[in-house]
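Presented sequentially are two complexes of chain A, the first with chain B as partner and the second with chain C.
Right, the complex of A and B next:
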């Protein structure tokens, strides 16, 4: 009798729909599409800025269109998900050892959140919003 | 050519992931405010032009754009594989070229300001 190895069925294109944790992984990975799209928006913004006042102000008006606002709201949602998911793996990505003990993961994650909030406030102040 | 260029590729991905985690949400808030008609001081033409004219401003803006693009390109490469798309060699060339093109475009633009 020939050997019949067990081959686990795994669809190649939609495997991540099978389990919530796979879906969360995929959501985390897909944030890159929106980070990339927003970076492209920044490249366009710089190009308009270099063209002159009229071009740049036209760009700002385009940002305010329904499509522009919808795009940014979606980007903001994925950007926040990226931030949360990125911070949540920091204890694994860069564990910090103090003597014999490792610094607890919660402390590392908490420090990232504190730094994030502080930096966001600094940017808002520098930008003249706060 | 080094034995493996993975540390460089991954290092830039991680740097980009960290920078975007910290800065992208607040940047989107700033552009959303501008979109809603409450343009933050920094995003007015005169202020942003002055910021981009200074070498520190250029470095900050280029750093954000370059690392965002590289982070997105590298993660997209991995994610396309997860979506069942094979042919990593071609995918890698396309996504990294895209990131490089965007980075060069922003560098050239910044140098014109």
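Right, the complex of A and C next:
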């Protein structure tokens, strides 16, 4: 009797189409591209600001254009998905044990949302909106 | 007792005869309380004695009967036929070479499991006569869920990283290393870190999370791996920013 194990290769380009859970994972990972794109936008904003008032006002007009608003809406949607999907897995990475019991995952996730809201308020205050 | 006929499509592979695996279909009369393993046993006992597969306890304890049931890594003894449509496709666990029919080659996993030293390495030298290594219920709770692992390899089968990068140490082995690292009686963390805090080990994991979703014992290997990443990162900063602080 001869051994001849058969190896099944995983397709390297479309493996994530095999399972809905792999697609959800890829969706979460892809969100970082949009977060990165927005970071680039902020760097451009700083560059325009450094160039002077006229350049910065031109930048603000571009942001207010249809394309600018569409870009920001898309990025916002992906940023929300990014945040929700990552916050939802924080109890796995950072379990907190008190005595013999673990703090419920909902409390850890809730603390992240509370921190997010608090930071957003600080930013809005600094921006003079609140 | 109601009886239902199902089509069981089984991936067959004979190393002596087949160039590649092929599906073979069996019509199996199933009772309502049957699991997929019962259907396979019916095939083996009444329809085709040549069918090969592993099983032992029939109660989700031994971890032998892991296979793909309709594309999902599952213990065949835990997959009730009544929860599936009339056509059930059974394949060997994905990401492992096929030895024969539903039997996979486990050598890679067994070697990786031993590599992480999944046993207690006592933190203090004690003679047998000086008594047991005592532990509080809270200290036990820290790692208890990971002791439920039955080495069934469903997590490896669900993990796309392991499928793409076979060198990856994988979910169960790292989760078991974490289990012993969390044990208050253990002193072997530094030895295990050498093995698990590496590129082809914990840093290969991109947190797909599929391992935890398919675990039949509700262990959370994905969580364990993220905790190992965090602890390893803290180690790195300690070593580089606070080298004078003793671990």
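Assume the second predicted complex is superposed on the first by the 116 of 130 C-alpha atoms of A that agree within 3 Å, B and C clash if a C-alpha of one lies under 4 Å from a C-alpha of the other, contacts with A are read in each partner's own complex, and residues count from 1 in each chain.
One rule holds for everything that comes next: contacts are C-beta pairs under 8 Å (C-beta built on N, C-alpha and C of every residue); 3 or more make two chains touch, one makes a residue touch a chain.
The structure displayed is predicted, hence computed values, not measured ones.
Student: Of the two partner chains, chain B (first) and chain C (second), which one does A:116 touch, if any: first, second, both, or neither?
Tutor: First partner only, chain B.
Student: Could you figure out whether chain B or chain C reaches more residues of chain A?
Tutor: Per-residue touch count on chain A favours B.
Student: Report for A:36: first if it touches chain B alone, second if chain C alone, otherwise both or neither.
Tutor: first
Student: Based on the superposed arrangement, let me know which partner A:70 touches: chain B (first), chain C (second), both, or neither?
Tutor: A:70 contacts neither chain B nor chain C.
Student: Kindly classify A:82 by the partners it touches after superposition: chain B alone (first), chain C alone (second), both, or neither?
Tutor: A:82 sits against chain B, while chain C stays out of touch.
Student: When the two structures are overlaid on chain A, which partner does A:4 contact: first (chain B), second (chain C), both, or neither?
Tutor: second
Student: Let me test your reading of the model: by the given contact rule, A:16 touches which partner, first (chain B), second (chain C), both or neither?
Tutor: both
Student: Contact-wise, after the overlay, does A:93 reach chain B, chain C, both or neither (first, second, both, neither)?
Tutor: both
Student: State whether A:47 touches chain B only (first), chain C only (second), both chains, or neither.
Tutor: first
Student: With the touch criterion stated at the top, can you tell me which chain A residues are shared between the chain B interface and the chain C interface?
Tutor: In chain A, positions 12, 16, 29, 93 sit in both the chain B and chain C interfaces.
Student: In the complex formed with chain A, which residues of chain B make contact?
Tutor: Interface residues on chain B, with respect to chain A: 14, 17-18, 20-37, 39-43, 45, 48-49, 52, 61, 64-65, 68-69, 71-73, 75-76, 78-79, 82-84, 102, 105-106, 109-110, 112-113.
Student: Across the complex, what residues on chain A touch chain B?
Tutor: Interface residues on the chain A side: 11-13, 16, 26, 29-33, 35-36, 38-43, 46-47, 49-50, 53, 56-57, 60, 63-64, 68-69, 72-73, 75-76, 79-80, 82-83, 86-87, 93, 112, 115-116, 119-120, 123-124, 126-129.
Student: Residue numbers of chain A touching chain C in their complex, please.
Tutor: Chain A reaches chain C through residues 1-8, 10, 12, 15-16, 18-19, 21-22, 25, 29, 89, 91-95, 97, 99-102.
Student: For the complex, which residues does chain C have touching chain A?
Tutor: 13, 15-16, 18, 20-21, 71, 94-95, 97-99, 105, 137-138, 141-142, 160, 163-164, 206-210, 212-213, 220, 222-223, 226-227, 229-230
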